Structures are given as structure tokens and as C-alpha cells.
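The data blocks that follow each hold one structure.
Below, chain A partners chain B and then partners chain C, in two separate complexes.
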Partner chain A sequence: MGRYITRRVLQGFLTLFLVMFLLHLLTTLAIQLNGNPAQAFFGDRTPSPSQLAAVETRYGLDDPCYDQLGNPCIGPFVERLGDYAQGDFGESLRGRPVTDIVSTAAPNTLRLFVVVTITWLAIGMTLGGIAARRRGKASDHGIRGLSILIDALPIFVLLLVYKYIFSVPLSRWAKDTFGSDSLPALLFKPSFSPQHAWATLIVPGILLGLAGSAAFIRLVRAAQLETYNADHVRTARSKGLSERHVSRHHVVRNSAIPVVTAVGIVFTEALAGAVITEGMMNIYGMGGVLWKAVQDSDVSVVIGVVTLLAAVTVVVMLVVDVVYAALDPRIRYE
Partner chain B sequence: MTTDPTRDGTPVPLLQVDDLAIEFATPDGVVRAVDGLSYSVSAGRTLAIVGESGSGKSVSSLAVMGLLQQPPARIVRGSIRFGGTELLSLGQKAHRAVCGENIAMVFQDALAALNPVHTVGWQLTEALRARHGMSRRDATARAVELLDLVKVPNAKQRVKEYPHQFSGGMRQRVMIAMALSMDPEVLIADEPTTALDVTVQAQIMRLLSEIQAERQMGLILITHDMGVVANVADDVTVMYAGRAVEQASVFDIYAAPAHPYTRALLGSIPRLDQKGGGLAVIPGRPPDPTQVPAGCAFHPRCAFAEDVCRADPPPPTVSLPFDRTSACHFAEEVMNHDEH
Partner chain C sequence: MSDPSVSALIAEETQSGVPSRSLWSEAFRTLRRRPDVILATIVAVFFLLVALFPFLFTSKDPQRCDIAESRLPPQWFGGEHPFGTNAYGCDVLAQLVHGTRPSLLLAFIVVGVSVLIGVTLGTVSGYYLGIVDAVVSRIVEVFLVIPLLLAALLLLSLFRNIDLGDGPVSTIAQPAIVLTMFAWMGYTRYVRASVLETKNLDYVTAARVLGASDLRIMVRHVLPNAIGTVTALVPTAIAAVIGTEAVLAFLGIGVRPPAVSWGIMIEEGSQWFTGGSEYLLLFPLGCLMATVLAFVVIGDNLRDALDPKLK
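Here is the complex of A and B:
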């Protein structure tokens, strides 16, 4: 088990390094093609050459390689790795440290992801489990139809409908009934409030989770159906155990393995959904920060945020792998 | 539940199956997998149910255990009694409660039949913990005892391991230990030695018959291996296309088979005491269950078949001397036919 985890951690570092290098190559190429982003610092004004040079130096853009199309700029990359290793992630064009931006934005995105993951698992396990148990009956067909319906409703449609049709009247009603700082009023608040980060994130998180839950419903159903017919489940039944016991300890337990794997894979998709959700619900999170940084050509922020997102993804994959090993003893010693 | 052995000389049957008929709904129509099967097992006796795959031998034992998926399966008629209780009228929940406790089953292919994600010890005592509320510590001790019983070496360590860490033979021993965990009175072993190599097969069969003799269990051995039958069985039921074609004591059936199918089966065993070229094979294949031939289902492959076999199904049981039956128009002729 220890060796398994060590190997996975090392693989994770390698992945992270490759992501950073690829990101570096792409941003370098973008700078070489589009011109110096230090220009963006001055907005409409035309800087004097000395001002421009000063800004370039400050943001590490003074290396001549940025003017040579096709140069991979290994020098600045090594420099940046060294800075990152010392905890220096650079500053945004407005002079705010990237670490500061990230430490404000990341918790909100992570909160969103927590709600999203719980929603996936709750909806997927419940509905998928019911559909598998009642295979071929009306509830099974209904749940499968529902999963297709969910697929047909992209996250921005769900959010638009929620925000403009449900959120305002619901929050007004909750405010009048329970008071403006009560939990129901915060839950249905149409936009994010940093003072009540959890409460105002729950509904958007559930909606984002709901949008991604269709795949889970179908996956859980398929995994459990397969397990219901497995020989070892028949063995368990032959011991005279109750159907509930068999279901919990043999069917759900064994079909959890593919479901956990899927969490890791779908997680990366949720990152894309988070950009939209954060934008529409005014959540100050990683998606919004990244979106704005790309628009502003804010190289340090883009690289810092994407690196962090890549690191989070690598960590999630690692956790999934470890959970996978814990769930299935057969892979521990491979 | 009665375990009364022989008080007046005749053993009381523990498990009695009467006129059992099972159908399956398939896309190609209804298939009759078992048709009019009857047998009984008494304490300390071994009944071998022999037949090719698809002959209904496994399906009938799943019905005894209440493990048939209904639908597609449907029990059309018949009765399954355990110690005087009619299992078929119990309802699935109560039926299964009898199983495990009173009737247990050893499945073929232990690798698939054991849950890969739980330790062997956990699975061995699962029923004891879930149904009898045994504590975790007692359960571990009991699991070690059970592994010792089936002669798995180093049982203390091995209860903590997972099925994939066991060899094929050891896994099958685990299956047997698991079936014994609730001290059943009847044990059904469904091809317990398929997928094992020959020496291990012999060990497993010896272990099974030792345990059976020690505990005076009724044992139902489902197999297609006539060699195994000769070694361990007391009574034999031969099945073909869902019917019991011949039922007799093991001695009688080997001495003089009274059904052409049994005869052909025995003829196809390799023997050490006879020099010879090729093995005898039964021509043709078992019938497609959706298209069982008219008349006697075995007639297209039968060396004794005459016109009557093609036209009329044989009587389900032709009674013969020594309390044996055969479903053949020419049962007596076959029995008295001298081959050697």
C-alpha cells in the first residue's frame, strides 16, 4: 500500500511538471505571437521605453527569448520553477500577489466542488440504485428518462432558469418570512455573498452537480445491475441474508469501485462548469479569476491559477486512486 | 427441524423434492428447464445428480435454495420440503432463512462465488454475525476454526486475506467452510471441483465426504463426472433435458444401467482395466431446450431407439426391482442387455 501511494505521488508530480511545462510553452508562444503583455499594464497609454522595460523586468518578461518566435524560453521557465519552489508565485498586473488572489478565490471554488461531488454521489447512488433494483419497471424507465432530460439541460440553462424565475421570488419570500439574514433567505440569494460563503454556494453547487449527475445515474445503475447478477451476490443470498444486507455489503460496496473512478474523471469536467457557474452567480472563484486573467493577458495569474487547478486535479486523481485501492484489495499489490 | 436418523431402519428424508417443474421465459419462448423432478436426501446419505450442462441439475438446486430469479424463472408445480416444511409456500424471505441455516450450498468456481472485496474471514462468518448477532471477536475465532476444519494451513493468518490471495483448491475449501458455518443439515455441492486440477479435485472430494460422514449431513453432489459419483455417492439421479431419466443406488446403476443415456455415460469413462482405442462418445448433442424432440428427448442419440420412442414420451418412472426407476420404454431390456 505504501509503495503504491508513493508511486502514485511521484506520477502526480511528473504530471504536474508536464502540465506546467506545456502551459509555459503555450503562454510563451502566445506572447511571441501577440506581443508583449507588459503593454497591457499601461492600458491605453503609450509607455516610454524605460517604463516598459521596468514593467517587463518586474513581471519577468524582459528575457529576449520572448521576441524570438519558436524559442521555448527554458531560462524563464527554470527561473519560475525556482520562484514557485520558494513560494513566490508572482503578482498580478495590478500588483496583487497571486497567492493572495488564489487564497481568496480557491476556497469558494473548492466549496462549490464539495457541494457538487456530494450532489453527484447522492443523486447518482440514490436514483441509479433504485433503477437497478427495479430494473424494467416504471421507476427504472422514469429514472432513465430523467437522466436524459438532465443531459439535455446544460448548466447555463439551469442557472438562468433558477436565477431569473425561482431565486428572486423565493429569496423575497424567505426574507419576508424568516428575516434577511436567515438561512433560507441566504440559500436562495440570487448572487454569492462572501460573508455567507457556504449558504450562498449550496444551491448553485447543487445545480451544477445536478447537471453532471446524469452520467452518474446511468453509471451506478449499470454497475449495480452487473453486480446484482454476480456469482458472489448469489453466494451471499444463499447464506440466507436479508436482501438489504446483501444490497449494502455486496452490491453497493462492490459497485462503488467504478463510481469512485468516475468521480475523478468527471471532476475535470466540473472545472469547466465552474467557470460558467461562478460567472453567472457572481462567485469570486478560480474560474472567474482565470477568465478575467486571460482577458487581461495577466500571464502570472494565468500560469499560477492553472498550475493550482492542475495540482488540485492531480490531488483528486491521487485520492481517487487511493480510495480505489482501499475499495478493491486486488489492486493494492499490483 | 428433524434430524431424526434411523430409528426404525429407514432413514427419514431431510430434503424431499417432488414433481418439480421449472420454466424459463426466454425471447425464443418458454423453456422447460426442469420437468417432474423428484428426489430425496436423508441424513448421512449422498445423492449425486448427474447430467450434461443444461440438463436442469443446477437450476433445480437453485430452486431448493430459493435463489431462482423469478422472472424469468417460474416454478410451475411441485414441492420442496425440508423436514416437513414446504419451502415453496414460505415466501422468498422465509425460504432463504431456512437456507444457509439448514441447507447450504457450495458453488462452482469459487473465485467468482466469493466476494473479492471482503476478507475470507469476514465472508466465512458473515451469516453468523448478520443473522445470529455474533460478535466480531467470536466471529474471527470461529472463522479460524472453520478454516482449520477444511484443512487450510495457517488459518490464523489466512482469515485476514482476500480470495484472490488463495489458490484454486484453497478457495474451494473456503467455499465449503462458508457453507458449513451455520451447521447445515443438507449440503448442496454444485460441481465443487470444476476448474480444479485432478489431484486437487480428489482432495476436495475426500474432504467433502469426510466432513459429511462426520456430521451426518445429507449431501447433494451435482456433477457430470461419473468417476466422482462412483467414489462418493450412495444414490444417483441421472438427468437429461430437464427430466430424471434414471434413479438408483450407485451400486445398481454401475452394475446395470437401466437407461440408455446412463449406459452411454458409463461407456464414455476411460478405464484403467480395459485396453482400448478411442473413448466411446455419445453421438449428437444435448437437445436445444427450446426444441426438445418429440417422444423421448434422448431418442435421436439413443442406440436402443425404436418407433415408439420417436412417437411417445416414456412414462416418467418405470419401476424396477431394488427400488430403482428409469424413464425408458425399454428399461428392463436396457438393464438386462449384456455388453461386455
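Here is the complex of A and C:
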């Protein structure tokens, strides 16, 4: 097990390095094809060549390789890796360090993810479990129809409908009934407020969690069904254990493995969903920052934030793999 | 190796492909009896027809708009504009009909190419393991770490100023390339896992002992076990790409105006939603949801029908 973890950690570092290199190659190609992002610093104004040169030097875009199509720009990449090692993830076009931006934005994203994860587990385990236990009955079909409906509603449609149709009348009603600073009024507030971070994040978080929960419901159902058909469950039943004991100890535990790995895969999807959610609901989180940076062509912020998010994802996947191996000894092939 | 009894055995072995074929016909028979599948297939086929032959469904040009007739409410059938007109006076029905093609074409291209890449890489890496598997697994991991939408957001906005032309393929080329780049890994993982499970089974060992080549073992004996899982993923993946296209178009970086797609219509419609023209949002949203729902229903039932473990 110790050797396995060491190997996975080393692989994780390699993956992270490759991700950074891939991102570097793609952005380099984009700069080479698309023109200089330093121009974005000046907006619509036309800078003098010396001003442009000064900005290019400041953001490390002065290397001539950015003008040569097909040049992989190894030099700036090595420089950037050195900066990352010192905790310097670049600065935004307004001169604010990316690490500073991230440290104020990350707590809101973490809050969002807490709500999302709770929603997933609550909806997925409950509905998936019920559907598996009552396979073929009306509740199974109902839950299945529900999960298909959830699948057919992309997160942005959910948010769109919520924001335009439900949020405004609901928050007006809550304000009139309970007062403008009461909890219900904050819950249905159509935009984020930093003073009441938790309250204004709950509904977007639940919607984001709901959008990803269909996969969870199906997965839990399929995993539990497979276990219900397994020999050891038949044995447990035939030796007279109660149905409750069988499902809790023999089914739910054994079907937890694919569910745990799914968390890793769904995590990246939730990260993407967080960008949409934070962008549409004006939440000041990592996704919201990224979305604004993309709009403003703030390349150094985009690369910095995406690199950090990639690092987080690598860690999450690593943890998932180790948990997977700990739960199922068959996974450690070699 | 050329012993007649051996070739007879091989012949018998290849005939064991028959049950796998009967799995398909049995799956088809199960699906044919489900009313929801029939309904979903009708919806999917209808939108495919719309995408293939838009002129059967509308005679209007979606690009010819009369600003004097802006935001006419739906006049239903018999009127000049059955579904009304949008803010620029364009016919909504014509836009809906012509907007079907980019959405569906993008979905089919992205899913088709990613399945091809995924199945090939998955089989090869699962079968040979060693260095091939190490390389493929690293690549898969690298691409998995960057979420599809994040990558699309980053790349499409960085390449925003590049114009590839107005043809039906070139308007969707950019999103197609980016989405394919970040959509093939799932299939690789599934196929690799299934190959790993299968390749040490007795019948595969038997085929190897009988002298079947690697390619033959992969294609005839190992891959049929994985193909059911992959097929069941396809309709759901198509639905997902249609949804993602809408998100990208909504954010202004997918299929771009003047080309029409459902995502663009949803984006435009959402601006008028509170202004009394709800239908501008509801029509494209309805079409999008109907199509996605149809493909998801087909995919869901297909998965059940093709998974013998759940029988």
C-alpha cells in the first residue's frame, strides 16, 4: 500500500507537470495565432511602442518566441515554473497578485462545493438506494424519470429559469413577509452578497448539485443492483439476516466503490458547473474570477487560476485513487 | 497450427460470436416494446429529419429579417409567422428549423470522433499494458484534469478572433475540435477497464493458444465485450454535447452569429424574457430539452438492454 501511494504521488506530480505544459502550449499557440494579449491592458487606447514593450516585459510576454508560430516557447515555460515554485502565480492586468485574488475568492467556491456535495450525497444515496431496492416498481420508474429530466436540464437552463422566473417574485414575497434582512429573503436573493455568503450560496449550490445528481442516482442504483444480485448477498439473506442489515452492511458498503470513484470524475464536472453558476449568479469565487478574466483577455490570471484548479483536481483524483485501492484490494494490479 | 482439428476449433470459436449478436437482437426486441423508447425515437428521428432537410419544414430564410415586424407574437399555423418573430424581425420557426443542424452536426461529429479515438486507445492500452498503457493513461489523466467546459472556455475565448468562414462545417469547426479534444477520455477508460477484465478469461487464452493474432483477439474476442457499454454511452453523450453547445453559444463562444443555433436563440431569447416575449426563450428551450430528453431516454434504455448483468 505504501509503495502504491508513493507511485501515485509521483504520477500525480508528473500529471501536474504535463497539464501545465499542455496549458502553456495551448496558450502559446493562441497568442501566436491571435495577437498579443498585452494589448488588452490598454483597452481601446492605442499604446506607444515603448508602453507596449513595458507591459510585455511586466507580464513576461516579451520573449520573441511568442511571435513565431509553432515555437513551443520552452524558455518562458521554465521561467514560469520557477515562479510557481516560489508561490508567484503572476498578477492581473490591474496589478493584483493572482494568489491574492484566489485567496479571497476560494472560500466562496469552497462554500459552494460544500452545498453541492451535500446535495449530491443526499439526493444520490437516497433516491438511488430507493430505486435499487424497489427495482421495477412505480417508485423506481418515477426516480428514473426524474433523473432523466434532470439530465435534460443543463445547469445553465436551471439557473436561467430560476433567476428569471422564480428568484424575483420569491425574493419580493420573502422581503414583504419576513423583512429584507431575514433568512428567506437572502436565500432567494438573485445575486451574491459577500456579507451573507452562506445564505446567498445555498440555492445556487443546490441547483448545481441537483444538475449533477442524475449521474449519482443512476450510479448508486446500478452499483447497488449489481450487488443485490451477488452471491454473498444471497448467502446473507439465506442465513436469515434482516433485509435492513443486508442492505446496510452487504449492499451499500460493497457498492460504495464505484460511487467513490465517481466523486473524482464528477468533481471536474462540478468545477466546470461552478464556472457557469458563479458567472451567472455573480458569485465572487474561483469560477467567477476565471470567467471575468476570460472575458477581459487577462491571460496571466486565466493561466494562474486554471493551473491552481488543475493542481486541486490532481490532488482530489489522487485521494480518490488511494481510497479506491484501500477499499478494493483487487485494484492494486501489480 | 494448420491442423484441421485446430481450424475446426477456431471455426467453432468464431461461431461463439452468435450469442453476442443475439444480445443485440434481444436488446432491440426489448427496446421495441417500450413506449417511452418509441416516443423518444420518434422525437429524435424528427429532429434528425429537420436537420437533414430543413426546407421541408419552413420555406423562409432565417437570415432574411424585417425589423418592422420585430417581436410579433406567435400566430400559430395559418399565419405568416407561426412561431412569431424575434427582436430583429426574423421568423422564429425558420430559425428553429435551421438552428437544428449545427447543434446535431456538432454532437454527431464530436461523439463519433471521440468514440473512435477512445476505443482505439483504450483497446491498445488495455491489451498491451506496459509502456503503451503508461503513456495513454498519463495522457488521459492530463486531459481529465482539465474539465471540458473550462478547456472550452479558455481555448474558445483565446481563439475568439479567428474566423474560419461561413460554411456549415467551418462555423462549428472550433467548438468541434475543442470538445473532441476533451471528450474522448471517458471511452478510453471504459474500454480499457473492460479489456483488462476480459483479456485473461479462458476463452481469450484459448484463442491465443490456438494462434490467433493480437489484432484478431482484440477485434473478435475482446472488443465485443466493451462495445455494448460504449454504445449505451453514445446517445447520452450526444445529449451532453447538445447541452454543452447551448452553454457555449449562450456565453458567446460556441457557434456564432450570423449562424443560427438553439444556444444562440436561447441567449437572445433570455434577454427578452422579462420583456413580455417569453416565447422567444421557450421555443428554443423546448426544442433543446425535447432533443436532449429523447437522446437521454434512448441511452438510458439502451444501457439497460445491453447490460446482461442486470437481466
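Some observations on this one:
Heads up, the rule we're going with is that the second predicted complex is superposed on the first by the 319 of 334 C-alpha atoms of A that agree within 3 Å, B and C clash if a C-alpha of one lies under 4 Å from a C-alpha of the other, contacts with A are read in each partner's own complex, and residues count from 1 in each chain.
The rule we apply is simple: a contact is a pair of C-beta atoms (placed from the backbone, for glycine too) under 8 Å apart; a residue touches a chain by one contact, two chains touch by 3 or more.
From a predicted model like this one, the values you see are computed outputs, not experimental measurements.
Once the two complexes are overlaid on the shared chain, A:Leu26 sits against chain C while remaining clear of chain B.
Contacts of A:Asn254 after superposition: chain B is touched, whereas chain C is not reached. Of the two partner chains, chain C is the only one that A:Val302 touches; chain B does not reach it. By the touch criterion stated above, A:Leu149 is placed in contact with chain C alone, chain B being left untouched. By the touch criterion defined above, A:Asp328 reaches chain B but does not reach chain C. For chain A, the partner that touches more of its residues is C, with chain B and chain C as the two candidates.
By the touch criterion defined above, A:Lys189 lies against neither chain B nor chain C after alignment on the C-alpha atoms of chain A.
In the superposed model, A:Arg80 lies in contact with neither chain B nor chain C.
In the superposed pair of complexes, A:Ala236 makes contact with chain B only, with no contact to chain C. Of the residues of chain A, not a single one touches chain B in one of the two structures and chain C in the other. Note for the complex: chain A touches chain B at residues 230-232, 234-243, 245, 249-250, 253-254, 257, 327-330.
Across the interface of their complex, chain C is touched by residues 11, 14-16, 18-19, 22-23, 26-27, 30-31, 33-35, 144, 148-149, 151-157, 160, 164, 218, 222, 225-226, 229, 265, 268-269, 271-273, 275-276, 279, 290-291, 294-295, 297, 299, 302, 306, 309-310, 313-314, 317 of chain A.
Looking at the complex, you find that chain C touches chain A at residues 138, 141-150, 153-155, 157-162, 236, 239, 243-244, 246-247, 250-251, 266, 270, 273-274, 281, 285, 288-289, 292-293, 296-297, 300, 309-310. The residues of chain B lying in touch with chain A in their complex are 65, 67, 93, 96-101, 104-105, 107, 109, 112-118, 126-127, 130-131, 162, 164, 175, 178, 181-182.
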